[in-house]
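The following blocks contain the structures, represented as structure tokens.
In the two complexes that follow, subunit A is the common piece, with subunit B as its partner first and subunit C second.
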Partner chain A sequence: MSVENKVEDFSTPIGVHVRNLSVVYETNQGQIPAVNHVDLDIAAGEITGIIGESGSGKSTLAMALMNSVSKPGRITNGSVIVDGIGDMLKISNERQRRVRGKQIGFVFQAAQNSLNPLSRIGHQVLDLGRSHQVGDLRSLLRHARDLLIRLGMDADRVLMSYQHELSGGMRQRVGIMFALVLDARVVILDESTTALDMLSQASVLEIVRELHQERGLTIVLITHDMGVVADLADRIVVMYGGELAEEGPTEDLLRQPQHPYTRGLIRAIPRISGNPDEAIALNGSPPDLQTFAQSGCLFYDRCPDRIAECQAGRPIYKEISDGKKVACYKVDRRD
Partner chain B sequence: MKGVLIRLSQRVIWGVIMVFVTASFTFFLVRMMPGNPVDAKYNQLVMQGLTPVQAMNKVRVMYGFIPHEPLWQQYIHYLNQIAHMNLGQSISYEGVPVLHLILTAAPWTIILVLTGLVASFIVGVLAGVIAAIKRSSPVGSAISLSGSLLHGIPQFVMGLFLAYVFTTLWVLLPFGAPYNAELTPGLNGPFISSLIRHAILPVATYALSSYGGWLLTMKSSVITVLGDDFILAAEVRGLKMGTRVRYIAHNAILPLFTIFALSIGFMLGGSLFIENIFDYPGLGNLLLHAINSRDYPLMSGAFLLITVSVILSNIATDFLYSVVDPRIRR
Partner chain C sequence: MIEVENLTKVYSSKSGIFERQSVRAVRGISFHIPAGGAVSFIGESGCGKTTVGRILAGLESASEGVIRIGGQDVSRVSSKERQALFRTVQLIHQDPYQALNPARSVGQSLLDPLKVMAKTKRVGDSWIRDRANEVLTMVGLDPNSVIHKYPHMLSGGQRQRIVIARALTVEPHVLVADEAVSMIDVSLRLGVLRLLRNLREKLNIALLFITHDVAAARYVGRDGEVHVIYRGLILEKGETDDVIQHPQHPYTQALLSAVPVLKGLEIPGPDRYIPLKEMETREDVETGCLFVSRCPFARDICREKSPLLTGEGHEMACHFAQVRNVVAMPVVAD
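Up next is the complex of A and B:
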């Protein structure tokens, strides 16, 4: 991929390439390495699922993709190359602003609260259009209405409403509309369906899949829900303690998980393992500041397969076969 | 719109009750004063040679009730008078209706208080926004400090200090009286400029003493809003800086509207000191004069007017609030 290559053609999907990215949160207790030396290629036109326990750094990574990490967080290192645009961490603030929303749509984990409470939804669509130099605001509104209808809502009423007049699930779908209405090429959904009941969740995800096929959208799907990624994602990336533990094509990864953490995650979900009785919760707790200070593998304390070597240093994240990567000493040994 | 009307009528009913309570309170207060001023006045008039009937009529005109009637009858009389906008006659300005005295004094106070309030609101709110956005820089800290310091100074200290600095230390501005007595009042240049020059210091006293409050409240309000998810969402959607600032300001200023009404009461209370220092013929001075000369009808009238204006400003701000905040409308 050439960075200079300007994205003109609407149908050319764009990818995002993360190199050696680190984000820390400065807290009273110390620095939390929320994202630690992450290398990741989000393939153009594919759905990439990112899974991991709570606190593993998924949201922080997603925000870092747009250089929007908020205080007390800070990107300390790395680059985020967006095809046709350049390094999000280096381009001017004004160009970053134009990429956000226009090229990269983002749906918040807290999407129910992502709207200005004092302004009508339709008005906020217009604010969005004006901020991104949309000439034809009327057709922007029409587009917003179409999306809302597709998302199963009474579009005209929603556009005339204030946030407090909508239910949590409706707000979340409005948040999704905002991410799509400018025809962004990359859409990041951070737990965007959690506030929805099972049925609406399924229908929203179905729409995401359709849009992905229609427009060649590049989608990053962040979730706790293995079932959702199993259904939708082309690739799955597993995060643990701010680092990538494993990634690979969905089928492969689910059928032959390499990292003991991935195996634990999969085993914890009855829907995937098939038999509810076999579902075993992951034991132990996520890494804390003390764990981060140790030199060995972050998963050591909880790992069923640990060996002496694991305490020596952090395992290196590397390709084990075509498109599959994992960071584990035990896997290295097996080869 | 229906919700607004319901709220408004609730407020008006509440206001009428408040006026009633204040009126009753001042009535009984006057009656319970040591040395009962009503009886004292009656006795004084009888001593001056008036017949008891004449004396009683005179007292009734002054206070709006007759001293020898049973208390509840006096009370009914008094309320009846008030309902007919009759506040009785002043004792110290003999024979002058209280309503007339109050209506002459009110404009001075209202103009000073409103100018001071609006000026401090605008400056304080803007400074508060800057203090919040630049809170980790020296500029932000300096602005916040200015707010905290000024907030702590009592109004009369502020007034005396300003008077000393600008009329004695540097003789920049005139002191005392609302305008130069040698000029003829009217729409002429010298008179108006004299009015303005005389008003600067009292207005500045009002403004400086409430500036800190606006600044500090606005600052904390902006900081709260900055932490709200929708501001982050606005950034992530690439909204322009100007639009984001508008979102922030609009949301952050709402809580200040409720304080606006409260501070009108605070300012009116302050007029007691400020008008005294700068010798302004407003309500504060009138009330002070009434207290000093035990002019009870005037006192009750002034209290009543202050109550009514606080209630009116409450209703006005409430109405305004429901216009700017869609969540209040139903």
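Up next is the complex of A and C:
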């Protein structure tokens, strides 16, 4: 490890605070709000799971955390404050570039698209080191090797491999190595295990769990699979149509989901014990262009508990008890 | 409905100038599915489960083994008859985004197979229209709203329903669903699984369900059988719930352990374990148990002698088969 890497303090985890963040996509049909006035605290040293269907804006939110939303997307409003660094949306481009990789690591859904197909994994580690001004490349490579061994792989073989020579599960582990090799303190995993089969998924998640404990990492886990966050996350955030629907501590949220959407998601998971007919499919389709346009609750069309009030306006996302937030008129009424 | 005996598939590829390398993708698999029944093949990527499905759908030929569809041995009939037999087996692909032609509307996609059917049945255009509406209704879609749509206007779940509707146009006796729900949002998966289950009951279609998701297999085929497949070999098989509740092979136990536990609603099984090592496809070792390099319970004998499938009804191939509690149990409400 180089001297500048050593300065990193493992004892204080970094949190991320999102305030009033909005991202729009410019299209021929006008602007589509992919992330709409989102307030979110990603607690330092915890695993936060963000769950949503395709088109819920969860990946856009993830990219916005690093201020790297790609065109035609555009961040129109808000701030992303990373502890000890400042507002990702305001600091200079060069500083942002350094923060990505150095402080914030990102593991993509399709690792084969984020790795260079023409260059060996080892060379790509060196490329990363050079672009981040790492003085001692040899020790960086040694660090990468240690990490790969830690991830349960034959490190020397992997470093000498091209990406197509690795299986899906191995590529995802290489992705995790890249996210951690510069000692990032915040790691964002965007659908990182979605393309994997159950067993590879379980082993990658197990590794994430262990690394989180060993290094006190702040982890953001983005997925459409409730099972994944339910097993791993300390806290779950449910996203729907670019807005937050509900959030709370994992066990609480699973036991007493408040939002009908959350309830529907939990109910739709087929289980391997108990009566399989207890699983009930969620109605309707994920939000599309028309959904965003409506003035009422975004979930109205699919909601089994809807009332007339729901069409009047968007429900306000607010705290209902310690650490639990929800946006639903029905919940408001109960109080 | 469909019987398979000792199915084997060997792929050979060039390695070097003179040498040929062969990969044994399927190593002697036997099973049968009755009309309306279900058999699930469970295993991870690269275990040969897709190859089995492709052979049954007639897309690939078996290296060895006998396949009987409706009692007829496919290798003993003329090529025309064989084509007709394989038409009764329809494959549903993993990726509904690639299985549909993006330039053709839903109606157009359904038209071609229906024209063929109309010709053999000697019926007219009105039958084609009615039948198109019928299959779309059968898969839970509103014909009027989707028939003119193009694939990009539909969600993943809807697309997979169209693929299933298209398969139904030729009135199949067997559906082979190869990872049919793994590309679909989890929230929409259950709807498609329920559809497959209904088709079995209503149309008496036999289902071969190929998946890595044990819970999905249980949902569509609770009254059927589960076959756990590893590197082309069946390691454990039996009635669905018997295999899931009383798994005896360490590999089955690993697969069951991999099912995420819902914190707060379930407690993990006391024997849960997840092997961190990946499957080694390059492994040349052909003697002994194929799972030995990843098995936490392996002993010397496992490296020397291949275990055979033993047992009545619930069979497993392991020298040290033993029931372990790996399945998460629901928390009793307090």
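In this section, the second predicted complex is superposed on the first by the 323 of 335 C-alpha atoms of A that agree within 3 Å, B and C clash if a C-alpha of one lies under 4 Å from a C-alpha of the other, contacts with A are read in each partner's own complex, and residues count from 1 in each chain.
FYI, a residue touches a chain if its C-beta (ideal position, glycine included) is under 8 Å from a C-beta of that chain, and two chains touch if they have at least 3 such contacts.
Not measured: the values here are computed from a predicted model.
Peer 1: Do subunit B and subunit C fit side by side on subunit A in the superposed arrangement, or is it a clash?
Peer 2: fit
Peer 1: Can A:Val228 be said to touch subunit B (first), subunit C (second), both, or neither?
Peer 2: Touch partner of A:Val228: subunit C, not subunit B.
Peer 1: Looking only at contacts as defined up top, I'd like to know whether subunit B or subunit C touches more of subunit A.
Peer 2: In the superposed model, C touches more residues of subunit A.
Peer 1: Would you check which partner chain A:Met66 touches, where first means subunit B only, second means subunit C only, and both and neither mean what they say?
Peer 2: In the superposition, A:Met66 contacts subunit B only.
Peer 1: Between subunit B and subunit C, whom does A:Gly30 touch in the aligned arrangement: first, second, both, or neither?
Peer 2: Neither: A:Gly30 stays clear of subunit B and subunit C.
Peer 1: Roughly what angle, nearest 10 degrees, sits at the C-alpha centre of subunit A between those of subunit B and subunit C?
Peer 2: Once the two structures are overlaid, it is 80 degrees.
Peer 1: Who does A:Lys102 touch here: subunit B (first), subunit C (second), both, or neither?
Peer 2: So A:Lys102 only meets subunit B here.
Peer 1: Check the residue A:Leu265 against both partner chains and state whether it touches subunit B (first), subunit C (second), both, or neither.
Peer 2: Only subunit C; A:Leu265 stays clear of subunit B.
Peer 1: Counting only touches as set out at the top, which of subunit B and subunit C does A:Gly313 meet: first, second, both, neither?
Peer 2: In the superposed model, A:Gly313 contacts neither subunit B nor subunit C.
Peer 1: Just to confirm the geometry: in the superposition, how small does the C-alpha gap between subunit B and subunit C get, in angstrom?
Peer 2: Nearest C-alpha atoms of the two chains are 9 Å apart.
Peer 1: State which residues of subunit A lie in both footprints, the one left by subunit B and the one left by subunit C.
Peer 2: Touching subunit B in the first complex and subunit C in the second, no residue of subunit A appears in both lists.
Peer 1: Within their complex, state which residues of subunit C touch subunit A.
Peer 2: That would be residues 44-46, 155-158, 185-191, 193-194, 212-216, 218-219, 222, 244-245, 254-266, 274-279, 281, 327-330 of subunit C.
Peer 1: Residue numbers of subunit A touching subunit B in their complex, please.
Peer 2: Where subunit A meets subunit B, its residues are 63, 66, 68, 70, 97-102, 106, 108, 110-111, 113-119, 127-128, 130-132, 162, 164, 175, 178-179.
Peer 1: Over in the complex, which subunit A residues touch subunit C? Could you list them?
Peer 2: Residues 53-54, 152-153, 167-170, 196-203, 205-207, 224-228, 230-232, 250-255, 264-266, 268-274, 276, 279-282, 285-286 of subunit A touch subunit C in their complex.
Peer 1: For the complex, which residues does subunit B have touching subunit A?
Peer 2: Per the stated touch rule, the residues are 228-230, 232-240, 243, 247, 250-251, 254, 324-327.
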